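So the structure is just underneath, and the comments pick up after that.
Note that the chains are named A, B, C and D in the order they appear, and that numbering of residues resets to 1 at the start of each chain.
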Amino acid sequence: MIVVMKRGTTEESVQLMARRVEELGLKAHIIQGTERVVIAAIGDKRGSERDTLASYEEVEQVVPILAPYKVASREIKSEPTVIKVRDLVIGGGRIGVIAGPCSVESEEQIIDSAVKVKAAGATALRGGAFKPRTSPYSFQGMKEEGLKLLAAARDVTGLAVVTEVMTPHHVDLVAQYADVLQIGARNMQNYHLLEAVGKVRKPVLLKRGPSATMEEFLLAAEYILDQGNQEVILCERGIRTFETHTRFTLPLASVPYLKERTHLPIVVDPSHGTGIASLVAPMCTASVACGADGLIVEVHPDPKKAMSDASQTISPEGFAKAMDQCRIVATALGRQLG
Amino acid sequence: MIVVMKRGTTEESVQLMARRVEELGLKAHIIQGTERVVIAAIGDKRGSERDTLASYEEVEQVVPILAPYKVASREIKSEPTVIKVRDLVIGGGRIGVIAGPCSVESEEQIIDSAVKVKAAGATALRGGAFKPRTSPYSFQGMKEEGLKLLAAARDVTGLAVVTEVMTPHHVDLVAQYADVLQIGARNMQNYHLLEAVGKVRKPVLLKRGPSATMEEFLLAAEYILDQGNQEVILCERGIRTFETHTRFTLPLASVPYLKERTHLPIVVDPSHGTGIASLVAPMCTASVACGADGLIVEVHPDPKKAMSDASQTISPEGFAKAMDQCRIVATALGRQLG
Amino acid sequence: MIVVMKRGTTEESVQLMARRVEELGLKAHIIQGTERVVIAAIGDKRGSERDTLASYEEVEQVVPILAPYKVASREIKSEPTVIKVRDLVIGGGRIGVIAGPCSVESEEQIIDSAVKVKAAGATALRGGAFKPRTSPYSFQGMKEEGLKLLAAARDVTGLAVVTEVMTPHHVDLVAQYADVLQIGARNMQNYHLLEAVGKVRKPVLLKRGPSATMEEFLLAAEYILDQGNQEVILCERGIRTFETHTRFTLPLASVPYLKERTHLPIVVDPSHGTGIASLVAPMCTASVACGADGLIVEVHPDPKKAMSDASQTISPEGFAKAMDQCRIVATALGRQLG
Amino acid sequence: MIVVMKRGTTEESVQLMARRVEELGLKAHIIQGTERVVIAAIGDKRGSERDTLASYEEVEQVVPILAPYKVASREIKSEPTVIKVRDLVIGGGRIGVIAGPCSVESEEQIIDSAVKVKAAGATALRGGAFKPRTSPYSFQGMKEEGLKLLAAARDVTGLAVVTEVMTPHHVDLVAQYADVLQIGARNMQNYHLLEAVGKVRKPVLLKRGPSATMEEFLLAAEYILDQGNQEVILCERGIRTFETHTRFTLPLASVPYLKERTHLPIVVDPSHGTGIASLVAPMCTASVACGADGLIVEVHPDPKKAMSDASQTISPEGFAKAMDQCRIVATALGRQLG
């Protein structure tokens, strides 16, 4: 950490602050600038010391030097983590394709979806059984019955099943049926839930919260990793900005940015990221082009009849065309879709 | 809802869409504009119909007319809800003052805090026993032991206790000790938790999520109200914007805005809202001036030694001065602090 | 426009409002909903009537139906506008590549840059002669001398020259030397400047302001079009959001979104859009993949010695590699780079 | 500046970087941390050196220590700047009140406005003669005729006149009539305009751009100060965030934040800051409570007939009530309104 003292701080205050730094278990190194004194606080602390030092009146700011995440970092593990479950491979040059309806609605709907997305190139099936909805008056999902239907669709197609778990006491239940546990954007900082899925030995797809910084996102992953579960898939699904023409703003630069800093694979969700069906295909292609390790896409046999997220859901035909474009780009760039 | 058709849509498509609107249980009313046809869809639906209609290719946009929240709305209950627990009164011209440390750290610290904030005018004590922390490596709170110390501080001072509950299976435990259950900003859309506190008969202080719209905030309150708990206190604690000079951006206009739309009381948290100790007092005064029903402020007997949020925590002396300013303004405007 | 009346508005108020709508030259159409009355105001006004109606106390909200831009719209001109200047072609399946240093610094630097970016596939040269800088103490550009050096670099390479004009009384001067006039992001709503370049018969590259909505962006283009200059190139260069790990957030979904609504071509600036050299290449590729009609990239013969924007500037070698990737993707998708 | 080297950088690279720092005219001070080496670059540079150093591959980040603005800073001038023009006093415990219509529309309208806002306590008259409008099809102001009407209203009432200037070649014209030159939010970084008003000897009211950081805002002021004009009034008028229930988000914490850092006075514009007439009065009161040196408010004799900004404009009666509340609060806090 670098502690920047206010202009005009007395030598005595500087010495006092240096002592305080040493009391925190760090080594203090005083640097006399032309207008300010700064104290370099040396050590490997990444915690609340920053805040403590910042609270002194003589301190102008405290600048952290170390990133606060460790286990997720490339510095700890330089080779990329590759996730494999059934035919779904995410990372290491393979682009995993997770597709399916927003919600599981019926046996026919989910099996029809699974068959069609598989035919178009998907390697995993998505579908919500427990649905977090903004309004208490909206459809909340088929719950355990939905999980059973997902498993049935897996039996028919062999696709891996990705589905959301919303609360710690559902983790065991969902893990019985799912191949990959999804943590939704609203729950990115639901720490008890993160700890609970960290104890399971199934991959976790962690969605970025709509106002989460990269640090917060990686620290949320760190909660899971810290419990022993090393299979975390990061998912960029769009952030909340002043833009209203799309549902969220999809900041694709987070894909190459994250790949420089973490060994965990990164998947993009252009359905939530845009909220508009006609924008899903071009954003899939762009995601592949900038290095995404996977895609997660909302596809429904009859989008107009979808019980949730209808306006951002594409048809199996639209999905097949999007995957054709993605495959062309992936191949051209030396990677493999699916 | 108003369904705006794309320019050049055929009469046949308009008729088809009108039929689809009626199938959803709404009455369709076709209006021929000079450049567009719009269909007014009449009825009291507030649900997913919008999304369904928006998914049709011929539709340019669907504009909702009704706000999606009901029970929280002034239209359902015009007189303001007043919360009373021990000496804490929030609403109806009384400004509740909740103050105390970010975290409970020891018996001495919490009792000292309670005595001092009471002397300065607080009517409730805040203090975290279960602490949601961005990093898994930060102090996570004293847990049940912290709850017991809060209760001890209440025994000494008579102050009502406000403390956070983070996960559904802790609700009963926290409710044993707390007078008001706090839902943190990260959990504003943790629906299982909202439902769990909705079943308790204690007031709930619901913090706005850092990227929540007013609609999402009121719908989160609606989850609690819908379970039968009518005592919800809304808390504006700042939103995430491009501003980095403060920890969050404190949008005080949400106070009068919410008061026009909901009967629920609104409390402001200038500690998290700014993240900077020197800005807390002026933002307390401004909150009172624009009509807030309460304040929640981080105060620690020795801010520099606070184990969390040190840089936004003020001293008991600073708090006492801030409350003096607030009292002057409240009195001048015909309301009562504390 | 749709005028939504407040709940409980009297029949008399509704009739008064309908009359007011008609006084504005619109036709009023009253619709009785189950909870609200709405008035459809029919006509082709796109102006301040909305604000006027919104100011009545009985009105809850006024919803516009027509987009406020006209000439920029696909509805007015459905075929895409293609810009051609020397070898630079933007639109119609051709991807224009504009590259060069942030600032013109010397004859050697700009000619060296031009030769190298041309070799890597650029069809136009960028370089700032008049530099808008956040601080008055930063290098402000070589001004007219810089323009002359750009012209010299064009003489050597044949590349079209793209350079910024900052104020109306420089427009004639800059137009003497430049092939394309650039309006910077800070000046997107500098209306006198927009009008001035609207009177010139040279293409204008209009950068999106960092907090501009799509509507504001298209209306800024409309200012130029309205003066008779039909050659406007839109440039997405990133928006300001809460993200700080990149300089701006690059919202690539604006590319396909704009292409649905306007006939004007769209170019992406991944240098400003990310602010980080290592992210420029993947974002170039992603831009091509989602349909961009062009790229504008900061390239300097020796990025470390660049007098401005050094941290987001790439080397000629890095640029050549990025263009190779872009060419592969463009070709695979049936378009042509350069 | 603090230059943070990447983990694992060789001793040789560190030495090279230290040399590069010294070549920039700074003193290099190498600090060996436990995981990283950092180099403190000592000197009073505030310019592009940061960017240059950040462009080296071995550098992880460069952290500036000095704020980039000088003349605007409290460190250069600790006593607050007070602006006095006719009866308008801004700063030093006096709260200036600038009020009037968005646009000058007619002689009767502007004189009527002036008389009424003066009666309610205003000390200056606002009114747009040159109007920056998002759409080229909106009313653009009465131009010079409007300036003459403002002067006429000043003759009648004695109020100081505050009006916007949009482009450098209008500065002399506007300065003939106005007492205070306003720079609109869209032009906060129109540097030629800032320089032009910097050469005039009349106070300048500089509005914050909707996505400007505090640093950018103060550096824009610095452009004016740097030209010799020391009378700059900062105006917080709201920022663009994800919030859509208000036109902008009004971040009042910028008032006390700026007062800690700059000697320039700060005025708040709650009309643009909220965009909703009913929120203007509470936000005026809150602004006074948190220390604003002035207010600028849109008031029209008949808000429903205002030719621009009707939905955020209040009536003279509403304004008088708002000023009564503000006066009560100002007096209670030991300051003086008007």
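Quick note on the criterion: a residue touches a chain if its C-beta (ideal position, glycine included) is under 8 Å from a C-beta of that chain, and two chains touch if they have at least 3 such contacts.
Note that this is a predicted model, so its numbers are computed, not measured.
Undergrad: For the interfaces A-B and A-D, which has the higher count of C-beta pairs in contact?
TA: A-B
Undergrad: By mean C-alpha position, what chain is farthest away from subunit C?
TA: Between subunit C and the rest, the longest centre separation is with B.
Undergrad: Please work out the Cα centroid separation of subunit A and subunit D, and write it as a whole number of Å.
TA: The computed centroid separation for subunit A versus subunit D comes out at 38 Å.
Undergrad: From the C-alpha centre of subunit B to that of subunit D, how far is it in Å?
TA: It comes to 30 Å between the two C-alpha centres.
Undergrad: Can you give the whole-Å distance between the Cα centres of subunit A and subunit B?
TA: 26
Undergrad: Got the subunit D residues that touch at least 2 other chains?
TA: If we look for residues of subunit D contacting two or more partner chains, we find 211, 240-242, 244.
Undergrad: Is the chain-to-chain touch network here best called a line, a ring, a star, complete, or other?
TA: complete
Undergrad: What part of subunit B is in contact with subunit A in the complex they form?
TA: 46-48, 51-52, 54-56, 68-69, 132-139, 166-169, 186-187, 189-193, 209-211, 215-216, 219, 222-223, 226, 240, 277, 303-311, 313
Undergrad: Which residues of subunit D touch subunit A once you look at their complex with the stated criterion?
TA: For this pair, the touching residues of subunit D are 2, 4, 7, 29, 31-36, 38, 40, 42-44, 63, 65-66, 75, 240-242, 244.
Undergrad: Show which residues of subunit D lie in contact with subunit B when the two form their complex.
TA: 211, 213-214, 239, 241-246, 249-257, 260, 273-274, 276, 278-279, 282-283, 285-291, 325, 328-329, 331-333
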